[in-house]
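As structure tokens, here come the structures.
In the two complexes below, chain A is the common chain; its partner is chain B in one and chain C in the other.
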Partner chain A sequence: MARLVVEGLCKGWDFPVIDDLSITVEEGEFLVIVGPSGIGKTTLLRLVAGLESPDRGRILVGDRDVTRVPPYRRNVAMTFESYALYPHLTVARNIASPLQARGLPAAEIRRRVEEVARLLRIDTLLERKPGEISGGQKQRTALGRTLVADPQVFLLDEPISHLDARIRHELRSQFHTLEDLRRVATVYVTHDYAEALSLGDRIAVMGNGGRLAQIGSARELFEQPATLFVAEHLGQPTINALEAELVDVDGRLEAHVGSLRLPVASSRRDALARVGERRATRRVTIGLRPQHLRPADELPQGATLEGRVDIFEALGSTGVMIVDVGGVALTALTRPERTFDPGEMVTLAWDPAALHFFDPSDGRNLLL
Partner chain B sequence: MAGEAGFEHRWRHVRLLFLAFLGLWLLFTLFPLYFMAITALKTTAETNLTVPTFWPEVFAFGNFAAVFAEATNFDALVDSFVIASLNTVLSLVLGTLAGYAFARFPRQAGGENLAFWILSNRMFPPVAILVPMFFLFDSTPWGTDSIWSLVILYLVFNLPLATWLMMVFFRDAPPELEEAAYLDGWTPFRAFFRITLPLVLPGMISVAMLCWIFAWNEYLFANLFVGTDVRTYTIVIPTFTHGSQTLWNLQMAFSLIAMIPPVTLFILLRRYMVRGLSLGVVKG
Partner chain C sequence: MRQAIVRGDPSTYPDWFDGKRRQRPLIVSRWVPIAMVGLPVAVLLAIVIYPTVWMFYHSLRDTNITGLFTGNHAYIGFANYATVLGSERFQDSLIHLLQYLSFGAVLQVILGTVLALILYEVVRSNLWRTVILILVVLPMMLPPSIVGVLWRFLLTPSNGAVNQALLDLGLISAHIEWFNAGISLWSIIIADVWNWTALPFLIVYSGRVSLPPAVYEAARVDGAGQWKVVRRITLPMLKEVIAIAFILRFTDAFKFVDLVYVMTSGGPAQSSELPTYIAFQRGIREFAIGEAAAYAIIIFAISAVIVTLFLQYMKRVMRAQGLA
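For the complex of A and B:
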């Protein structure tokens, strides 16, 4: 058992896929890497697995530098997005593959394969070929092949993205309960932020240019996003992001968006003032999560806005509406039992303390 | 319902037309074989009739024994078999390795252009290199009149085909399977034999059949290269003459016997030749 350390990893010169990336995953930690498609998440896993070699940087498993070690001597297990099951071998022989590679005795192999298969509830499928089982069963077989190897690091590449919702939920809870996964350093890659929030001890958000935008707990990322990019990619519906200008009005600070006047909480004013001294402009991008913008009767203490409902969607567990407030479209949430008609006038309330302030030029959170 | 019946009715016509076409095609391909078989059973006199007969008047089964009256004629079949088999093994081993390199490491292997150049070696008329090849092989230690001369020479034709086809088969085998095997702890060499090779095996068997049949049937080069120490069956067939008279019955009898090995091979291996490579590799 060991921790995984990635130091200053670079891949690709002209168009960096991974750029100066450093992460430490502790033994027993479940790290989820989340980010939009094509951002380099899979490349990062392939580098850690040894399927590609980095242009710069080091990868350590425990105290051992494995940067130049070939994949078959790394003791790192990985599931592929496509599952990569061997089509000509049975489920049992697929799972047995890592054990056979080590030349274990046949009886020992059989015992361990059956144990893993029972754990993943595929023990009735052992004699089938991958072409004869369902997507969820293929996924479990692929997972079994990695679990049985008893590796020091687990890499899981979009393991459940291609399954339908019900099986996805079932397997997701499986990741929570699998002891083997919880004992070693696990890196789980997904583009689905809900999966990330559900599974990760910590979550790393990968941003453009192959860099880490932020790493932290789900709560940290949600409440204190380091950049607008992180704020936009975590949270559903997407955060309301608006270009604004900070204006002093009678000793109070307001953010002006077009004709909208949004008061800034006094708790944020001093911090913003300190940042403002270093900045030539008072232009900011403000972010307000739909969770913090609701019909006035659901949020009695908030500041209020008047608007007209453009679109209303009842999603069962919540209602989502897009409201035209003085020419600005804002997304707000409602309680599930309510309905609104397009065109209806509505009073919205919001929590000034929940407002985020980002630098419009580079997207950094001004208050972190 | 009437419309539906009409629809079916029309399709029945198309089906009949298709069957008629198939019947013609069968006649076209099977008639030469038929004529070969009956000619092999005719007496020499009957083969020389101005108006050919389509059924032998007398069955001359002795023709099959007569072709082996000269013991070296059987040796020719053995020589052909040895040459075709050795050449197939070489083509397959070299073609598989080269095809794998072109499929997995195209840049290091010389790129698409080199791969295409290799295939283009099949595109010139063989007769164009007949004489140069003769002089080239004549200057080698093993000379021209030897088994190895033809085994090596046929690589000129079979190796490009084997390389190109194996490259295509390897491209169809997902590299991720090999990568998964590396992570299981298999070295690239063992992963190749455990995972990739079984996936391309049906393709390899098809390639082996094509190579073997080409080498078995080759006449042009064999006729010029060998003939004294080594003889292939293809150059023995024209020797069945009597004075200025061609002994068609003996030629056809020997040809019929020469058909047995490839036909047997084909029947034994045909299930591999039609089996596809799609075995549920991808998700779904």
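For the complex of A and C:
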């Protein structure tokens, strides 16, 4: 067993896709890499698997430098977004393929394939071919093929993105409970932030330019996003981001957005003042999560705003409304049982302590 | 409470749907579909069904060329079939056909497959791939009559290029008599392989190009060696494609006349005759219409049986992979 270390990895074709990226995934850690499409997540996995060779940087599995080692000798296993099952082989023989490539005895292969198939609940399908099973079953087969290889590093590329919601949920819970996955270093790529928050011991957000925007626990990323990019990609509905100007009013600090006057919590004032000394401008981008902006009666001690409901969506477990507050459209959440009509006036309350401040030029969180 | 909509029951449809059902139909008159199906059926009847029936009719009669035009021919039962099946000439030609199939057609498919996979796996630059592809396909673009003449020149025993090259390389010490009995059929096979290897090559190459790359990456991570990948993944996945290439070359063998006619005329002494060539010879050259018709029907029957077996096999393979 071993950890995975990626050091200063660079890779590009027509343009740089991955730029000076370093990550360490500890043994037994489940790291989820999340980011929008085309950002280089899959490329990173392919580099670690050895399907591409990096332009620069090193990859270590345990203490062994595998940067120039062919894929099958790296002791990594990878599932592919398209499952990549062999269409002419049965489920059993698909799962067996890494063991067969190593020349294990047939009885041993049989035993391990059956064990893995039972674990993934596909043991009744072993004699079927990929064309005869469903998407979820194909994914389990692909997963079985990686599990049976008993690698030191697991690489999972969007394993459940193409399945329907119910099966996705079922497989997601399976990722939580699979001992084999939890024992070794696992890198799991997805574009679905909810999957990331749910599964990851740590989450790495990949941002533009092939760099890591932030890495940390779900809570850290959610509560202290390093950049506006991270804040916008984690959380549903998307965070309210507004261009604002910081203004001193009678010794208190306010963020002005158009005609809106938003008081800044005193806890943030000193930190912002220190940052302000280094900055020439007082322009900031403020971020307020919809979770922290609710009808006033749901958040009694918050600061208040008056607005008119533009759109209301009842989503079952929560209600989402878009409210026009002095010409600014803000997304707010409500308790699920409530209903608002478009055009209705509403008093919203928000928590000044939950306000984020970002640099408008590069998106960095000013308070980190 | 609104009535539930039942598909196919217009009385349950809501009001707003009324106008929709009266949309102008795509087919203006009921004669249009009849004409659209009828025309191809008529053409098929005229150029396939009618001649086949005509041929079967004459295969049961003692028709010759004068009888054909004067209408003077009589029913003789299966006498023509007996003549054909009983003749040594036909039996020999079946052996020739077997030889042609098992070396000509099979060799073409094997060679084409090997070339295609080498081109795909070994040559990496797209430019070179295209250049080689064109070069390999060139012979296929020549009409067989030209190919026949070309190879007659190349294989001329006394001063042909092939013998000269073999002599210069020291592989033979005396001229090979390419058009003697026992060898002339091999000469035809060589020319045909040169002419037609490109077809299985093209089919297999395009099949290989369309195989999913992720499967190969999975194999790389699994650690399967390159030869193992070809044997265990590529060839099984190309099974149907190769079978199709084989069927195409196989069915062509049954109508293979041109090279035989141009290169050896079936000779010497009928030693390179194929069944189709005899049918052609007996019917068009010697005017034994009835007997030639019997030949054609027998060839048709043999090929129909074999192709049916092939299609059955294909169906089984496709079903096993969930494709059909």
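We adopt the following convention: the second predicted complex is superposed on the first by the 366 of 368 C-alpha atoms of A that agree within 3 Å, B and C clash if a C-alpha of one lies under 4 Å from a C-alpha of the other, contacts with A are read in each partner's own complex, and residues count from 1 in each chain.
The rule is simple: contacts are C-beta pairs under 8 Å (C-beta built on N, C-alpha and C of every residue); 3 or more make two chains touch, one makes a residue touch a chain.
All values derive from a computational prediction rather than experimental measurement.
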Exercise for the section: Kindly say whether there is room for both chain B and chain C on chain A in the superposition, answering fit or clash. Expected result: clash
Practice task
Answer with first, second, both or neither: which of chain B and chain C does A:127 touch in the superposed model?
Solution key: neither
Practice task
Using the superposition on chain A described above, determine whether A:223 touches chain B (first), chain C (second), both, or neither.
Solution key: neither
Practice task
Scan A:108 for contacts with chain B and chain C and give back first, second, both or neither.
Solution key: neither
Practice task
Kindly classify A:162 by the partners it touches after superposition: chain B alone (first), chain C alone (second), both, or neither?
Solution key: first
Problem - Partner chain in contact with A:135 - chain B first, chain C second, else both or neither - result: first
Fill in the blank from the handout: chain A residues where the chain B and chain C footprints coincide 49-51, 70-73, 76-78, 80-88, 97-98, 101-102, 129-132, 145, 149
Handout entry: chain A residues touching chain B - in the complex, by the definition given at the top
Key = 49-51, 70-74, 76-78, 80-88, 97-98, 101-102, 129-132, 135, 138, 145, 149, 162
Handout entry: chain A - residues contacting chain C, complex
Key = 46, 49-51, 70-73, 76-78, 80-89, 97-98, 101-102, 129-132, 145, 149
Exercise for the section: Flag every residue of chain B that touches chain A in the complex, lowest number first. Expected result: 174, 176-177, 179-188, 190-191, 195, 198-199, 279-284
Handout entry: Of chain C, residues touching chain A in the complex
Key = 212, 214-215, 217-224, 228, 233, 236-237, 239, 320-323
